[in-house]
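Quick heads-up: structures coming right below.
Shared between the two complexes below is chain A, which pairs with chain B and chain C, respectively.
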Partner chain A sequence: MRIELKKRENISSLFSILSPFIALGLTLIAGVILFVSLGKDPVSALYSFFIEPLTEVWSLHELAIKAAPLILIAVGLSVCFRSNNWNIGAEGQFIIGAMAGSILPVVFHGWESPLMLPLMIISGMIGGALYAAIPAFLKARLNTNEILSSLMLVYIAQLLLDWTVRGPWRNPEGFNFPETRNFADNAVLPRIIETGKTHWGFGFALIAAIVLWFVMRRMLKGFEISVLGQSARAGRFAGFSDKKMVYFAFLLSGAMAGLAGISEVSGAIGQLRPVISPGYGFTAIIVAFLGRLNPLGIVAAGLILALTYLGGEAAQISIGITDKVTRLFQGLLLFFVLGCDTLIHYRIRLVFGAARKGSAA
Partner chain B sequence: MKKTLLSLAAATALAGIAAPAQAAGMDKVKACFVYVGPVGDFGWSYQHDQGRKYAEEKLGDKLETAYLESVPEGADSERAIERFARSGCNIIFTTSFGYMDPTNKVAKDFPDVKFEHATGYKTEHPNVATYDSKFFQGRYVIGQIAAKMSETGSAGYIASFPIPEVVQGINSFMLGAQSIDPDFKLKVVWVNTWFDPGKEADAAKVLLDGGVDILTQHTDSTAPMQVAAERGAHAFGQASDMIAFGPETQLTAIIDDWGPYYYERIKAVLEGTWEQSRTWDGMAEGHVVMAPYTNMPDDVKAMAEETEAKITSGELHPFTGPIMKQDGTEWLADGEVAEDGELAGLNFYVKGIDDQLPQ
Partner chain C sequence: MQNKNTETPLLETRGLTKIFGSLRACDGIDLAIAPGEIHALLGENGAGKSTLVKMLFGVLDPSGGEILWKGKPVSIGSPGEARATGVGMVFQHFSLFEALTVAENIALALDGNVAIDRISEEARRLSLEYGLPLDPSAHVADLSVGERQRIEIVRSLLQNPELIILDEPTSVLTPQEADKLFETLAKLKAEGRSVLYISHRLEEVQRICDRATVLRHGRVTGACDPRQETPSSLARMMVGGEVAEISGAGLGEPGDMLVEIKKLSAPSRTPFAVALKDIDLAVRAGEVVAIAGVAGNGQSELFDVLSGEDKVADAEAILIRGKPVGRMGITERRLLGCGFVPEERHGHAAVSEMPLTANLVLSRHSSDRATFLSGGPLGLINTDAVAKACKRICEIMDVRKSGDDPAAGSLSGGNLQKFIVGRELDRKPMVLVVNQPTWGVDAGAASRIRQALIDLAKAGSAVVVISQDLDEVFEIASRIAVINEGQLSVAEPVSTMTRERIGLLMGGFHDGSGQAEVEAAHAH
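This part shows the complex of A and B:
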């Protein structure tokens, strides 16, 4: 006996829209089962996970801060994924963007100029884009698998950052500890409103989402991305270049990841450290798919994922469950999203008897 | 925010009326802990959690505790610390070097909460204290044991990050070993993580393949001990007694005992006597404890016990000259003892270490 997935002829548009909500619902049900089997009250557990962080103003600010890098990276990735380019290395582009953006505040420490922040942000985006250009070049020129090359560049970026903050950029007044100087005030991303901690990184995320939504929906470039993503051959007939699209997709998603990196370092951390991301570049992949690769959907998805991080902490404190549950929730969510999508596009068929020759492939 | 501040002010005022003799004594204290690894690492975070439980046991219902585990250093830790500060914690222990700036940032906004940061050096506000232990004292003892026990005259050192605390440990281990065998060889592998059983196990295998027969580590998992056990080599436990993971393998372990410190500091908050301090204690104060000496002949055990006693009494300081730097220049003249301040920023090897310090 084996299981076959057969493509459905008619894909229900209703279920396509409902899919992420069904996935969320299933995640909640799985959560209830999980908490009951752990011997915890599922209602209070889910309350502290998903509601408690929303009940206080300071916590909402933290939610926006946490969601900002996820949304920024994911909207870039959504364009990339839609064009059928698989950039798995946003984590690395995030790091390189953060480093490129930090050149001014770290190396030219004490430079007083209103140009500081704008230049930091631009160099952060350029840094991320250039780093993403490497797998793009390898794919366009040598037909290398971009999933592998972009992923492996993540580790190089992590080690480069590690080396840089231990070596050339180490804080000369830092007792030899591995971190750069703290950024001066003119290199710190300002808050959006004075009363809360949310910095402009969240503003950038919203702007990027709206602009990219408009591009994908209303402009020729968006059409080109979709056509090339669905069928490169059809795209070529329409006069689009799939090689150019590889570069476009990678440079854009790299620039977005780089912007996320410099925003996080300048707005939230205030210096470079050996580790500056708890895996935003990877979590953003979940965010991109949970948001249906739609920039506006991604804003919602980014907030939901950020909520699971914050809720995980709240639940640890209030009901004493381990932080592993947070990871489990995120994994369950992705599993159900992908599962629902698959079942909407495909039918499951059980086939009995031996496989016929040729059909095994 | 306003509400919390008001109720805090009210609580302080009430306490002032109830116990005018004591500045800010209280009936019940809430202590909160931020851990960098999982409490089940059987190393660093596990030991801090043991310390938390010890304080709980000693103070009974006067103490309520909470903890957050596996909190990444950087922006996430700032939020975690702030969450604790807002949830009514009176004293917050942040137990990793990378929490230093976040701890100080949050401390600024919550002047009524006490903050204690482990292994750092910044106390920017009067409500921040630092604490650490002189683990290098234990390293000297295990260096001597390694030199006595190794058949190949060499040991492998699995190191985390080239920060002063780790460099102190490597140097102290080597000085201990050289006091027995001047030609002792030490190989160092940097894994760039505090806790990653897979990486730590790989490093252990590489070192054993390279011909060493004794392992020591400055990382938090039990993986190196387990690899050594499989290969029939010897190893030293780190942070906690790891004998259960290598009954035939562990020679001893350097145990971080945070319990007494946590008890003292929390009690000080209860009594209203808490003050900013910078604690760096060792064997004498019971903060660094050696696990039972096992799997070694009696004479080695006797030597180790003697060294331990000498360090505890202050008769022996591991960093006593003459000590040469790796490049052959003199660091400490004959009889000269390194100052704490210099050790706190240590960034070079002593002579004889077969590795280049990453920097």
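This part shows the complex of A and C:
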């Protein structure tokens, strides 16, 4: 027996819209099964995982802080994915962006200037973009698979950060802890409102989402991205260059990841450490797909995935289970989103017997 | 059925129906194929021929009706079951691996483990027996289209089928190659096998087929003996009305030189592409120059260098309106007043998943920047202006569609092609280059497109038509050139060109074996 996927002739538009919600529902059901088999009360576990973080003002600020990098990275990735370029290395671009943006406050410690923050942000974006340019170059020039090259560059970035923070950039007054200096006040991204911790990273995320939504919706550039993503040949016929699009998509998504990186370091952490991301760059891939590659949908999806981070921490404290559950929920969610999408486009057919498909069937 | 056969038909369908969504692609088809007959299945594109045949070959499941094999109801669930039943099929588009040998390709389609040597042996024997010379150890990439078709035929013969289905087999053949195919079919018939022959070429059908079933809009509109009919009566059954006559009258004296190709050579980009060698061609205003040739002889490569999708090393090799454009991209050439219609509709001329308006922007975002875009460097798409132009094109070209702005992929081949051609004509281009303008397009749409091309030339543009369809070439061209293995013959006026001469030029005047074959066919 073997299982075949057959393309459906009609794709239900209702289910295409419902798909992310169905995936969320299935994730919750899987969560119930998981908690029951761990011997926990599923209702209180799910409550502390998904509801409790939403009941306090301070944790809503935490939610926005966690959602900011996810949304920023995911809107960049959505453009990249729509153009049929598969940048899996946003995590690395996030790290390199954070490092590039930290050059000023760490290496030129004590420099006072109103240009400090703008320059940090710009260099963060450039750092992320340049790091993304490596897989772009390899793909456009040497036809290398960008999924592998961008993924492998993540590990290089992580080790580079680790080495830099323990070595050349270690805080000389920091009792040998593997950390850089704390950023001076003028290098810290300000809060959006005085009463809460949410910093401007979240503002950048919303602006980026709206701008890219407009680009994809109304501008010729957005049209070019979609055309090249759906058919490179038709794109060439339209006079668009698929090679240039590889660079555009990678540089843009890299710059967004870099912006997320420097915003996180400058707004939330305040210094560089050996580990600065709980996997934002990878989680953002889930965010991008859960948001249907639509920048506005990504804002909602980013908030949901941010909740799984908070929920994981909350569940660790209140019901005493490992925060690995966060990763598990994220994985389940991606699995169900992709599963729903696949089943909307294809139906499953079981084929019995050894009959082989015809040559041109 | 008009002529009731006393013997049981080999294959019969009763009320066979296939529904896709709301479309009844096949609607209650009754068809009977007697043993040892060549049965034609005639119909325009979209008439339901392919759907019907796919049901017979087990690729599609019928929504209703039944299939009888030798009088007994059967269900054919897969091509494997179809072959086991005794049905073989030769598809219009071959499914061969170019990098493998003939024998390896045949082995891939067979069930079970059979030693490759035995397959080679068997294939060689069969190919000789049926007059289909084939070298089992040759690589497919090195073979002509006609030879590739032979592989498919031999492949299906290996299963010893009682019914062979051929889908538009001559569309890729030279007239001489087609003659050889007809001999093979006659031999199959003499052995008592039946052939279901799908075609829209009336002349062929009249020549070789014993009976014909005509389909239109998924229904049987006629069952007849094609030899008793005239081409126009057959065409009426197919189209359901008179097909407009194309009128080339009024093509005046050629004017200014608009396209000049001088010693154009381009290496092949992939091991399986054709290199262009020393191509010379000049096209003046008011002319339709047709480039005939069998598929795969450099047509798409020539189109790509003319459109600028592929640039050539020597800028001077192509002059358009006097300007060297060899190094220019497609957008710059469009801005010079050129329009292009590639062969492949889906994924080249149009993005199937996108609506028509988006597909209008696809080829005209630069040439019509002033109307279609606003906001300067922002490049905002003016949806209203685009929708208006789209509506105008659909009206002029009579594009039939469901809804205001459906996805390009939801249109039938003919309607999408009318849209794609109309999209370029709407600009009134000075130079239009079209590759296979009516490939897979129904007769009504085809005549409309051909007339539009002639009218464009009459209005003073230069039109280059690359086409495999000789009827079309003779219908619209003022001059005809033939492309073979990347070389182009001198374009000769249509008045001095004959089909025979084109056939010889197509068959390869420099290729030894081809020459011998052509002569053999000639002597016949």
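Observations
Here, the second predicted complex is superposed on the first by the 355 of 361 C-alpha atoms of A that agree within 3 Å, B and C clash if a C-alpha of one lies under 4 Å from a C-alpha of the other, contacts with A are read in each partner's own complex, and residues count from 1 in each chain.
The working rule: a residue touches a chain if its C-beta (ideal position, glycine included) is under 8 Å from a C-beta of that chain, and two chains touch if they have at least 3 such contacts.
As the structure is a prediction and not an experimental result, all values here were calculated from the model.
By the document's definition of touching, of the two partners only chain C reaches A:9; chain B does not. Counting the residues of chain A that each partner touches, chain B and chain C differ, and the larger count belongs to B. In the superposed pair of complexes, A:233 makes contact with chain C only, with no contact to chain B.
In the superposition on chain A, A:146 makes contact with neither chain B nor chain C. In the superposed model, A:317 lies in contact with chain B only, and not with chain C. Once the two complexes are overlaid on the shared chain, A:220 sits against chain C while remaining clear of chain B. Once the two complexes are laid over each other on the shared chain, residue contacts for A:91 go to neither chain B nor chain C. Of the two partner chains placed by superposition, A:242 touches none, neither chain B nor chain C. The contact surfaces that chain B and chain C form on chain A in the two complexes do not overlap at any residue. Taken in their complex, chain A has these residues touching chain B: 56-58, 62, 65-66, 159, 162-163, 166-167, 170, 175-178, 182, 264, 268-271, 273-276, 278, 309-310, 313-314, 316-317, 320, 322-324. Residues 20-21, 57-59, 77-83, 89, 91, 93-95, 108-109, 111, 155, 307, 309, 329-331, 334, 340, 342, 344, 347-354, 358, 361-363, 365-366, 373, 375, 378-381 of chain C are the ones that touch chain A when the two sit in their complex. Interface residues of chain A, counted against chain C in their complex, comprise 9-10, 218-221, 223, 226-227, 230-231, 233-234, 236-239, 355-361.
Chain B makes touch with chain A in their complex at residues 1, 38, 66-76, 78-80, 82-84, 86-87, 97-98, 101, 121, 161-164, 192, 344-347, 358-359.
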